[in-house]
Every structure is written in structure tokens, then in C-alpha cells.
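What follows is a set of structures for review.
In what follows, chain A forms one complex with chain B and a second complex with chain C.
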Partner chain A sequence: MSMWVDKYRPRSLDELDYHKDMAQNLKHLVKSPDFPHLLVYGPSGAGKKTRIAAILRELYGPGADRVRIQRQAFDTPSKKKIEITTYSSNYHIEVNPSEVGFQDRVVVQELIKHVAETHPLDQHPFKVIVLQEVDRLSKDAQDALRRTMEKYISSCRLILCALSTSRVTPAIQSRCLPLRVAAPSKNQIVKVLQIVSKKEGIIMPLELADRISDSADGNLRRAILMLESCRAEKYPFVDKQPIVEPDWEKYLRETAFIIVQEQSPQRLLLVRERLYELLCHCIPADLIFRGLLKELVKNCDNQLKAEVCAEAARCQWRSTRGSKTIIHIEEFVAKFMAIYKRFIEQAMMADDFDD
Partner chain B sequence: MNLTLQIADTDVGGNLTWKGGTNELKLGVEALYAFLKTYKVQISKRTNISNVDHTNPEIATPLKIMDHKSPSPKGAGRRTSTSQRDVQSGHSRIPLPSSVSRQSRKKRQGTTISQESSSVPVSTPIQTKLTGFRRLEALAKAEVKCRPQGQVQMSGDSTNKFIPWVEKHLPHSADDLFVHKKKVEEVTHWMSRVLQSPNATKICVVSGPSGSGKTAAVSLVAHALDAEVKEWINPMSLTQYKPGQDFRDEVQGRNQLDLFTDFLFRTSQYRSLPIKGKALRKYRVTLVEDIPNALYREPNTFHEILRKYSKSGISPLIFVFTDTASGEHSMFKMFPKTLMAELNIQNISFNPVASSYMVKFMLDICTKESIPVDKGLVEDLAATANGDMRCAVNNLQFSLTKERSSSSRKAPFRPPANKRSRKQAAGNPAISEVQQKDDTIQLFRALGKVLYAKRDETLISENEMILVGEMEKDRRMHPLIENPENICDKAAVSTDTFLGFLHQNYPAFYGSLDDMASAAEYLAISDYMISAWKFDDSGARAYKVRETKEQLAMNIAVRGLMHSNNNRVSVGWKPLTKPLVSNLEKILKESTETIRQGLIDTPGLTTALFTETIPFFAKVLTTGKPYFMLGPELKNEILNKGIFKGTMTRAVPLDEKETVEEGSDEPAEGDDCNVQEELGAQVDKPKGTPNKWTAKDLTGDPHGAHTDEELFIEEYDD
Partner chain C sequence: MDAFLKTGKLGKSAGRSSESAVSGVAGSQKESKKKSWPVPWVEKYRPRNIDDVVQQEEVVAVLGKILTGADLPNLLFYGPPGTGKTSTILAAARQLFGDNYKERILELNASDERGISVIREKVKKFSQQTASATLPDGRPCPPFKLIILDEADAMTVAAQSALRRTMEKETKSTRFCLLCNYLSRIIPPITSRCSKFRFKPLKDDLILQRLEKICSEEGVRFESGVLKSLIKACEGDLRRAITSLQSCHRLKGKDHVLTIVDVEELSGLVPLERIEELFTACQTGNYDKVDEVVEKMSRNGLPAAKVLDQFFHFVLESGELTDAQKAKIFQKISECNFRLMDGGSEYLQLMDLGTTIMLSVA
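Presenting the complex of A and B:
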């Protein structure tokens, strides 16, 4: 038993619910003798992975679905062992190199070399390596990837998966066929939700579907998860059925509120505790930055907004390169507090002056 | 090394035959001079060489040869001083045959197997008839050749200054020893027990800081019990590299590890050959001071060797282990508690030498050297040495020598001693650098120094007054008491760890939000610095660069925090807590592992899993409609991650110390540095261990209260 997201995930290119043109093109591509490297990109929850899985199935048949999970170890040049989880079938291997942090270069190089050395079973001319979150690869790893891509093209193809191409080096982009998976529109999401509820045998009012797709913001996975948790919360659905949202988002909003409420060193300590809490729940730092910023700027005037955003950008950039994210988030909070406090004090002075 | 040149023959072109002990060498005068110059040799008694009386071959012209690079062997001092006096009083004398002095050395140092095998036979006269450069080259080779035999006595009028007193005044009996009686007794007790009963524990680890008299105590006790000390010396340090030589031959094609194992078992089984003139001892003791480096990397191999030894070894095996600040070569790793218990290994831990012992010992040396000395100086030296006797004696010799030789008798300099005098010495950094032992500040103290960032209110910083305009806000009226540079240099922790601690603890010391924001920025920059480089220069080649950058990062953090704290909150004692960052990483790793194992169907592991799938999953689970079949562990993990309730991390106060073993070992004065070191050791250790759920305040904790006082003294008594 699995969750609806996985349960009703389309398995083949024909079953896809939207972007049907692209599905057709992909079908032709798979049939053609020359299959290129692919770079699949698009926002979260748009269906990138579903499409990649469908392509693999189209290429290799149902054998590609039998995935086993393995730990593979690689040696770094400095003789340090790094381990990474791989999901592999007989025909392909899927891995998320950013899992090992800055050692990703080793993984990219060694893994591809390892896979490409052996020829695939059956008549298939090549194996496929799926790399997740390519945009989070370090520059080193991307450079390494570029070289390996060319070297082993005879025996393997890469399918890269990324949120956006902005952090993928042009060198890699130009070696792949870019494939943009756009977020589904609201109507498309509603349609999918209806299909899911029909299959699940529940009655879903259209109004609820609308609200869910509104709040899902183009993220289909999120929409289906929301639907499922709403169903678990209360069924049959009622009017004004509350939409369930993840705890951490609420928590983050509260944290932002705490920041705006009072600015003092003690408050900063309290915020730090909450930030740790978020990090402990495996919430990535950039989402925390984004969530905080979104809430915090609501309390600022336009000039202040610019200043705060600049600070956030600077801190967030540093956090991507630094190792202790908490330091960077905290820096942003401290900066915001300082700026905001100054702003409030000035406003109060101006008020006094007016009186 | 010391040679006596004897002019035997001045035939063609004033050639000399050099008779240094058993070595003979024939060379031209100019070549000799050149040689002497190259090796920084001074000629003490310069007779016009051409006018030497050749008729009497017994009369030698002694030349003083000072070789700063190779200190004289142990026990050389005594004899030298007598021979000098002879020289000074106008007598020329024939140097002692090398064999005598060599023997005397053996007696003292105990036999070292490896040394015996390495002494190069150089009894054949070396004759050279070369010219110019090649002659010099030959000379250099000859010089190298006689070095192993370097027991040839030196003579000269002031050589004694350059024989380290550390070697010269090695204690001769247990009474002379500067180690506390109880420790010596402990060693004696252990050794006599082991020597007498064959079934007792055979392995002992003598640990303690450098210069605390570990080796001295062990060898003295061994001699007192009529046991022969066989010492392991890493073979590489004995082999001489010759050009074109295959290295493998030298160590018989075997690695250090095999040699080491072999050495242990063979010394334990066979006694050394009866060599004439050497007293045969009743027992044997094996001493290992340098464990082969390879074993540090593979402690397990080492443990295996020990296990084997404890089964089949015969003679007692003693390891002398120096505690170091860095954890790399830690006792912890090489002799873990479990192994100690398993093999019943005895651990005798030495404390730093108490300053009163040091003073006594140093005064004794001065009496023996008949140099009048100021007791204050000796006391200060003892205080600065941090319980390191070797360091103290070296410093003593250095300062006395310098004082005597300097022509202008300015104020005899006194080393900075304790905290009080250190402050004065800060004005003269050159002195403090020379005199003070290169000590490290333990984590706890370093943190205190940075976080309290004390400024000297009595002084006005002139440099800062230059700042005008925009920079005026960065002006600090009073200079810092502690030099940030110093803290960075001496802190015995990695930048990464230190940064974690600083970040964890700084908010409590800050009164204003603006200051805090700027401090946070410095920390962030520092963190960015250390990590960013990892991407840029991966690989071993960049190690050096990275090190520099780490230092920079540390500097930024330390300076930044010290500078930013403008409106300090009323200082008082603040509990310092362990950083949560390392804890955090552990939590993340564990939970990803659990979830990964549980949710195999979910393809890939991306951020979306934790931000979307898991939270909703948890929501569904909380509704209590169990239409999923999940293992309890996975279920818990998902609930933990997805739902926010309570706090998962807690700040844990540094568990300062367990009971510190000092007691009778520390006489009246008692050094507080010892306590501090213990603190530091405790801080370092529990880094990786999961934090306990401890209450934030320390009030109920007796240790805490104690530490409270300790820290308070540390930070405020000056």
C-alpha cells in the first residue's frame, strides 16, 4: 500500500494526463535510433520524475520498474570512503549525487565509469543513468560530468533532472536535449484530482478541488497529498473543509511572526531554537529563507523591502556555500531585526515630531 | 660532535692527517680550513699550523668544533668539562679513545638493539688524495660516516654551554628525580611485581604531558631493579641514506610494522649478547616510546599485536605515551578502555611537574654548573614551562647562557611568568616568544577570551582614534586585553569546531541587536570561508592553501566577535553550551537513513520528500486511520519529521569535568593550567556523542557550581 501520489502515478507515456504533445514526442524519440542525453527540468511537482520513469519503461519495458536499493561506496582521492544510495534496475541506475555534499564529483565520475564499463543485457545498446537534482551539484562535479558524458556516450545515456537550468552549466546544457516540464495549470490539477477521487471512490466537491489547486500552486504532488490528507482528516467532505498544510509551514510563519513582534537578543535566541527545530525536520535552508522572507516583507514598506531582500539574497547565497546553515539563517534574522527595529524607531520618532 | 685533529704529517703542501679517534684522514690545509668553515667550526687554539712541532706526534692541536645541529650524546658533558680545563690550563692531551666513551654511553642509556646494529664500522683509515671540491665532498662523507660513532669526545674551552643541560643533568637516582614520589612508587611497584611473577600483566602505559619525566622515571626504576631497558627506535631514523642505494635493503625489505612486532617478541625472548665491559642485568624491560606511525592509522593491528604479546611475551612491555592537545594520536584511540580492561593493561599517568619540584631541580643544576642564579628567574621559568621539565631546563640554560655572553649588561630579562607578569611582558613580545613554552589554549579558555572580549579600560587606544567619518562607528576606545591573533594561534581546536562553539554561545554576551547582527555577519563570512574552499580546491594539492584559509576564517570570526561586542551585557559567569550543529547533522543522517530504508517505492530522495511527502504522510497518520502498513520505526520517524511538537534539540551545558585527579601530586602552589587542561579534554571528548536531555541551568549541579568558580577566577582575577 502506498500513498495516492505513488498509487496513481502514471506508469507509461500514454497514461500521462497533461503535456500530451510532449509525451508523443518522447515516444518518437525513444523509437528513433539516436537517443540523446536528456535534461529534464521544471518546477517541483510538475511531473519530471513521472516522465523519466515513463521514458525508462518505454525504453526497456516493465523490467525497468524492478528497482532495487543499494548502498555503493566510493573512494575519494584522499582515501575517504563515501557512501551513496542508488536505485537501480538491470537497465538503469538512479542516484542523487548532492546527497554526499561537496564530494559529489567523485560520485559522478566513479559511478558513470562503473556503469559504463559493462554493457547492458539484452539487445539494448545503452544503459541509462538518472541523476537527480543536478542543479545542486557543485561546479567541480558538473565539470567532471561534462567530460564523462562525452567519454562514455557509446555505452550509456544520462537523464538529468533539475529544478531549473540556471544552475546547470551551459556546457552541460548544450550536451543535452532540454526537456521542460511545465507546472500543470489549475484546471489540469483539478482534472487530475477528480480522476484520483474517482478511482479512490470518494466524492469530491468541485469547490474543494479548486481550493486545493489554488493552494498547491502548480505542484501536483502537493495537490494530491493535500487531497489525501483532507480525506483522512474528515470524510465525507463538508463545506469549508479545512485544507491541510504541512506543519513546518505553519511553524515557519509563526517564527516570522515572532521575529516581527519583538527585536532583541533574547528574541533572536528564541528564533534560533525554532530554526534548529526546522532544520531538524530536514527542511532545507533555502525553503526556510524563502518562507521567512515571504512573511517578513509583508511588514515592510517598499524601501525596506528592497533592503531586506538584498540581505536575504546575500545570506542565502552564503548558506549554499557554507556548511553550517544555521549561522546564515540566523545572520539574516539578526540583520532583519536590526533593520526593522531601526525602521520602527524612526517611524515612532516621526510620529512624535508630528504631534 | 667533537673531534680532535692531530697533525701527524706535513709532507707535501702541508697535508694533514686527521686522527679523530679511529678515523684517519689526510688532507690539505686549505681544504681543512674550507671544511671547518663549511661546518661552522671555530678554531679555538690557533697555532700557526706550519710551525707546529712535528717531532712529537703525541702533542695534538685541539680544535674546538661546535656543531649546533647535532647535540652531544648523553653523558658527554662530564668528560668534556675536564678536558676543557686541561686545555685551558695549557695542557694538550690526547683524546680519549672513542670506545671508552661509547661504553659509558651505553651504560647510561640502556642498550638499544637497533643502535648496535647501526653503528657503522669505520675503523679503516680513510685516505683521500683528491683535489678541490671532491676533497671537500669526501670530507663531508667522512664526517657523516663518523657520526654514528659520534661518541668521540669534543674538547674546547666553552663547549659546555652547548651541551643541553637536559641531557647532561639527567637524574641519576630516584632521589634526584623530579617526579612525585608516589608515581615513582607506582612504577616501581608495577615493575617489580611483573618482573617477579611471570603471570602478571605484562603491558603498561605510562602517559603524561611532555617533559613530565616519564622516560626518566621508567629507566631509573628499571636500573634500580637491575633490569635492562631495551628501547624501540623507529628504524627509519637510524638508516643513513646513501645516494644510489636501494632503500629496501636497508630495512631488509620489510616494513616497520613487521620489524616492530619482531622486535617486541625477540627482545622479550632473548637477552643481549654478553659484550665485554657491560654488566649483564638480571631482567629485561622493553620500552616503546615511538609507536610506528603506520600503527596510528590502524589501531586494530596494534591491538592485535598487543593481544598476541600479552599471551606470549615474556618481559614487561612499557609504552611511554605523550599526551598531546590534538586528538589525532590520542591515547584514547590506541589504548581504548575496553582493550585496557581486556588485557589488563596498567596505566600510570604522570602529571605535569609541579613547579616547586622544578625550582628545586633547576637550582640543583645551577649549583652543579656553579652558576649563580636569581631564584626569581628560576621560579618564573618554572611557572611558564607549564609543567614541562625539559622545556624549563632548556629555557634555563638558554637564558643563563645569553645573559653571560651578552656584552652589554642591560637589565637581565625575566620571562613572563604567571598571569600577572605576563601582562607586563606583553609590551615586549620578543621575550615572551622566546621564553614561553609554546602552549596551547584549551577550547574552554579560548572561548572565554573571545566571548568576554575584555578591554583595558585604563588605556586609550591610539590607533582607533585615527578613524574618522564613516569609520567612526567602528572606533573602540580601549584596546583589547587579549590579542586575537594569539587566541587564534593557540586555540587547540579546528576552525570548524571553534566556530560552532562561538556561534552557539555568543548571543548571551551581547547587549545590542546591532552588535549582534554584525557579529552574526562575521560568523557567516567565516563559515563561508572555510567551506567555500572545499569546492574550489579539492584534492590533496590544496591542503596547504586550505589551511591558510582556515586560519583566516578563524581570524575573521575571532576578531569579528571581539570587535562587534560594543554594548556588552553586564559580565558575569555564563554557562557555555555545546554547539547543536554537529548534533543536527547526526539527526539528519539518521532519519534520512530510516526513511530511505522504509520508503523504497518513493523513487529518489529529494528535498520534496521532507517538505511535502513526509509532512502530509504524517498528517494522514495522525488521523489514526491505519490504512498503511508501516513498520513502527518508520512510522515514528515520519511522525517525528512531519509533525512539530516539543523541541528536538536542546542546548546542553558543557559537562565541564569529572573529578579531577590531582590531590597529593600538586604541592601547595598547584598550577591552574592543569585544571584547565582537564577542562579542555572533557570538552573535546563528548563532541560526537548525543546530547543528553539536561536542564539548561547548572544550579543543581555540584560540578557546575565548582566550575563556576573556576571560570570566574580564570576570567576576572586580573
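Presenting the complex of A and C:
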């Protein structure tokens, strides 16, 4: 039994539930003889991969769904072997080059050359290479991609997938057709949730769908997962049915609360433990920063909010440069404590003065 | 019997001829298919000879002299993307060496392995070969080969150093042409061995001319003002303008009349309303409002780098802000942009900028 997210994933461009204009345009594109390189970007859970899969299916028919997982090995110039997981059908190959860290350039170069050398089966004029997380590619790899994209255009096309185009070099952007996949609106999520529950044969009150889509943050995958876990928790649904939120979010909120409660070195130690706990469960640092910031600023005035915000932005940036993220998160927490404590003390002094 | 044999023969020969006819047809079909195979417009409208190159008069003048017999120095072209660096040198090579110019040039770019070992082996070997002073068809041509190092600023310093001596030693048989975006990333010993040419960003009216020509040849229909907004979006990068134009055309189908909205969407431009929305949210001095707008932006998948970029122009042209305020905001924009490129989170950087503006305007 598969998860609902996978079970009810639209398979073709016609089945897509929202961004129908784009689906129409994509159909034009697939039919036209010259298919360009694509750069698909948008927040997570907006349906980038679903759209890519639908495009592939539209191009190649159901054969594109038969995917096998392989480990491919590449040699670096210094004769070191690196391995990467690829997902491929007869027509396309999907890979996430950032898996191999700074060696991603080799993967990009070798893989594309390798794929472009062999001609595709049947009458299809080209194969497709899907690269995930292009915004995490190193500068070298992106440079390597530039010319390769032009050189092998006769036998392969690239579909690049990224969260945002900010870190994709302009040179690559100018060689691709950009497709922005915006997150679905609240109503769209509600609609999809209704469709899913109808297909699943469960009765869902509108109020619950509303609340789920509110807390899903425009992430459709998350919304459907929440629906499924609600169903698992209690069915038939009752009034005020609690929505199951990811544990770590609750945990993070509590952590923020602890920080606001008291500012002292002992508290910092306690917080450190909790931060380690979060990091151990593979919660990415930028989500932690974001979550903490959102909670922490609730108790500040404007001036303070700006200060905290600036600190968060600085520490998060530095955390991507260093190798140990915990140090930077802790720095942020300590900074916040200092700022907040000063603010409270000033307020108290002002109070004393008034008295 | 005779008749049968004859008919048999006839049938056979007829069959054969029809077969050959079929294969002939198939062959020609294949050929025509190959011929009609669509080329990206960027390649299709690449200048064929150097006089087609727009705007870069100095380079064209120098290359023109070389075509009439003057000596070719080692060249270093630098300038922003899409200004015609690769096109210029390829067009010049075509004119110098005729249609078989590919045999006379070695084109290496960042996608090829270009470490120090390749410079030592491949480049050295190629540069040591001598070239004859006549082409296969008997025409005279300069007795050297051309090594084009595209995207030279992506080469390592070690590889660049390895190039130094090779460049000097093999001047008899080889000329180098380095193309790069940033001159500062080329080591000085290399720059001093080349004559440098700066490629300027293309002027708007020149891009307009080109785009109009392409549109009329490809039968693209568009609303008035579309080309203008396209040019604005591409910031002097002709390649980007042409690609965007073609993307729009492909995505919307042949009969669609292009509108400004299409162009904005496909050139990755953030709509002006969004920028204004962010600014007014900052003006209210309400943190939650700013948070809401930034959240909305990231949900819509608007790339933060583009937002920063356009916000910069917006602030620059804004009449409400004093110079001091602008300076403060610009400083923050540059800081945020740097951090963003360096791996910072989009949401946090935009929030940082937003709150800074909030404080400085309120």
C-alpha cells in the first residue's frame, strides 16, 4: 500500500489540479519539434517533480514510468572513484549531483557525455537528463554545465529542478526555459484534499480541510500527509479534530519558549541539548533558524525584531560557510538572549524611574 | 514460360526499382527531416561574419585588418554574457579559414576537463603542430591555428600559469583567444600577453533591431511594448533576449500573440507590483506585514536574487527616499545579495532587508 501522496499523484499533464495554464503551455511545448532545456523552480511541495514526471510521460508515453535504480561510478581526474545513485528509464535519467559534494562537476560532465553518446531507442530524437537541486551545484559544476548544454543539444535535453533560481548562474538561466511552479493557494489545497478524500471514500468536514491547508504553508505534499495521519489517528473525524504536526516543529516551538523564559548560561546549555536533538534528526539548519526567528520575534518590539532578524540572517549565512552548524545556531541563541535581556532590563529600569 | 520469366523479371526489377525508390524517398525524407530540424534561434542567428557583429566596433576593426593580412595577436575578450564574444571569434575563424575552420581551431571551455594536465598535454600538442598557409581548396590563409579558451575565468590559476610559456613559444604556429566575463580573474602574466578587448553591453536600440528582424523572419506576433519589456528584462544580454523570445514563442504556440505578461513570466522578472507591495509593507512599519509579504513571495517561488535586484532599481528611482536612506538600504541590499549567493536562506535575507528598510523609512 502506497502513501496517498504517491497514490494520488497526477500522472499526466491533463490530470494536474492547478496551474492549468502552464499545463496547456507545456502540452504545446511537448508537441512542438524543438523541446528546449527546462529550468523548473518553486518552493517544495508545489509540484515540481510531479510536473517533470508528467512532461516525461507526455514525451515518451508510459515507458517513462518504468524506472530502475542504479549505482553509477565515475572516475575523477585524480583517479578517485565516486558513486552516485541514478534513477533511469529507457528515455531519461535522473540524478542529484549534489549528493557527491564538491565532486559534482565530474558527475555533470561525465554523465551528460555518457548519455549523449548513446542514441535513444525508438524514434525519439533525444533523451532527457533530470538534474535535481541545481541551486546546490558548485560553481565549477554550473560552469561545466554551460557549454555542455549547448554542445549536446542534438541528442539530449536537460530538465533542471531547483528551489529558487537565485543561486543558478545567469549563464545557465539564459540557456533554459524557466518554469515557475508557485505553491498552490489555500483554496487549491482544500480542493485537492477534497478530491483525495473522495477517492479514498472518507468524509471530511470542510473546516478540517481549511485548518489543514492553513498549517500546510502552501506545501501540498505536507497537506496530504497531514490528512493521512489525521485519518490514521481518528476516524470518523470529529469536531476540533487535532491536526498532527511534525514533532520537530512542536519541539522547536518549545525550545523557543525556553529561550524567551529565561536568559542565562544554564538555559543556553539546556537549549544546546535540544538543538543537538533537532540536528540529530536531520532537521536542516535553515529551517531551525527560520522556526526560531518566527517564534522569538513574537515578544519583541519593532526595533528589536529588526535586530534579531539581522542576527538570524547573519548567523544562518555563516552556518552555511562553516562545517559545524550547531555553533552558529547557538551563537544566534546567545545573541538573542543578550539583546532580549538588555531590552527587558531597560524596560524595567524605565519602570523604576517612573516610580 | 518466357512471359512468366519476363514478368518475374519485370516484377523483380520493378520491385527493386520501387525498393530503391522507397529507400530513396526515405533517404530524402530523412535528409529533409534533418534539414528541418529546428535550430535554436541563438545558433541560427549567430553572426556568420564579423561585419554582422553589432556594436563592438574596435574588435571588428582589428579583426577586419587581420582578415586583409595583418598579424593576429593573442586575443583576450572580456565582457558581460551575451555580448558576442564567442560569436565574434567564431565568425572571424570562419572567415580566416573557410568552411573547414573547425580543423584549425581547438575550442575548450569550462565543460571540458581543463586542469593543468590538459593544458600541458592537449593544448601543447595542438599548438606544436604546424599549419600550412593554404587551405585544402587552394586559398591562402594565415599559417597558424587558433585555440579558443572559452570561459577562461573558470580556469584554475595553476592551469593559467601553465599556459604562459606555451603561449609565447608557439606563436609561430598558434594563436590563443581567451574569452571571459571577468578580467580580474585572469592572472596578469596572461593579460599582458594578449591584446584586450572589452565587449560592452549592447545598446537597447541595437537589440531591438535584432529582435525585430528575428520576429519578422520567424513570424512571431506580439503586442506593442513586448520587445521593450523583453529588452529591459535581459539587461543588454542579447542571447538571453533571443532565448526568452523563442521560449515564449514555443511555449505559447505559433498563433499566440505575445503579451507583456508572458514575457515577464518567462524572463524570470518579478512583477513590479510585488516589489511595490514589499516596499509599502515596509513603510507601514509593521513587522508582521513584512513577514507576510516575504512569505508570499517565497511561496510564489519568486527568486530572492531577482527581488533584490529589482528592488535596487526601485529604490534608486524612488522619489520619496532621501539619499541617506537610500545609501543605508543599498548597503543592506549588497550585503544580503552576497550572503544569498553564498548560501544564505532566501527568507531570512529578505526579512533582514525588509526590517532594515522598515526602520530606515519609518
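Everything that follows uses one rule, which is that the second predicted complex is superposed on the first by the 348 of 355 C-alpha atoms of A that agree within 3 Å, B and C clash if a C-alpha of one lies under 4 Å from a C-alpha of the other, contacts with A are read in each partner's own complex, and residues count from 1 in each chain.
Definition applied: a contact is a pair of C-beta atoms (placed from the backbone, for glycine too) under 8 Å apart; a residue touches a chain by one contact, two chains touch by 3 or more.
The model shown is predicted, which means the values in this text are computed figures rather than measured ones.
Tell me which partner A:268 touches in the superposition: chain B (first), chain C (second), both or neither.
In the superposition, A:268 contacts chain B only.
Looking at the overlay, does A:349 come into contact with chain B only (first), chain C only (second), both, or neither?
Neither partner.
Where does A:77 make contact in the superposed view: on chain B (first), on chain C (second), on both, or on neither?
A:77: touches chain B and chain C.
I'd like to know which partner A:238 touches here: chain B for first, chain C for second, both or neither.
A:238 contacts neither chain B nor chain C.
With the two complexes superposed on chain A, say which partner A:306 touches: chain B (first), chain C (second), both, or neither.
Touch partner of A:306: chain C, not chain B.
Going by the contact rule set out at the top, does A:140 touch chain B (first), chain C (second), both, or neither?
So A:140 meets both chain B and chain C here.
Answer with first, second, both or neither: which of chain B and chain C does A:206 touch in the superposed model?
Neither partner.
Does the superposition put A:326 against chain B (first), chain C (second), both, or neither?
first
Starting from the residues of chain A touching chain B, keep only those that also touch chain C in the other complex, and list them.
The answer is residues 77, 139-140, 321 of chain A.
Hey, which residues of chain C end up touching chain A in the complex?
The contact residues of chain C facing chain A are 37-38, 40, 81-82, 109-113, 115, 117, 150-151, 154, 237, 239-240, 243, 246-247, 250-253, 265-268, 285, 287, 291, 298-306, 336, 339-349, 351-352, 354-356, 358-359, 362.
Can you tell me which positions in chain B touch chain A when the two form their complex?
Listed in rising order, the residues are 496, 499-500, 503, 507-508, 510-514, 516-517, 519-521, 523-525, 527-528, 530-532, 534-535, 538-540, 580-581, 584, 587-588, 591-592, 596, 600-608, 610-620, 623, 625, 627-629, 640-644, 647-649.
Touching residues of chain A toward chain C in the complex: what are they?
Contact set of chain A toward chain C: 25-26, 28-29, 32-34, 36, 41-43, 46, 77, 109, 125, 139-140, 143-148, 151, 153-154, 164-167, 170-171, 173-178, 180-183, 217-218, 286, 289-290, 293-294, 297, 302-303, 305-306, 309-310, 312-314, 316-317, 320-321.
Considering only the defined contacts, which chain A positions touch chain B in the complex?
1-3, 5-6, 44-45, 49, 53, 67, 69, 77-78, 85, 87, 94, 96, 99, 102, 105, 130, 132-133, 138-140, 219, 221-222, 225-226, 228-229, 232-233, 244, 246-248, 250-251, 263-265, 268-269, 272-273, 276-277, 279-284, 287, 315, 318-319, 321-324, 326-328, 330-331, 334-335, 337-338, 341
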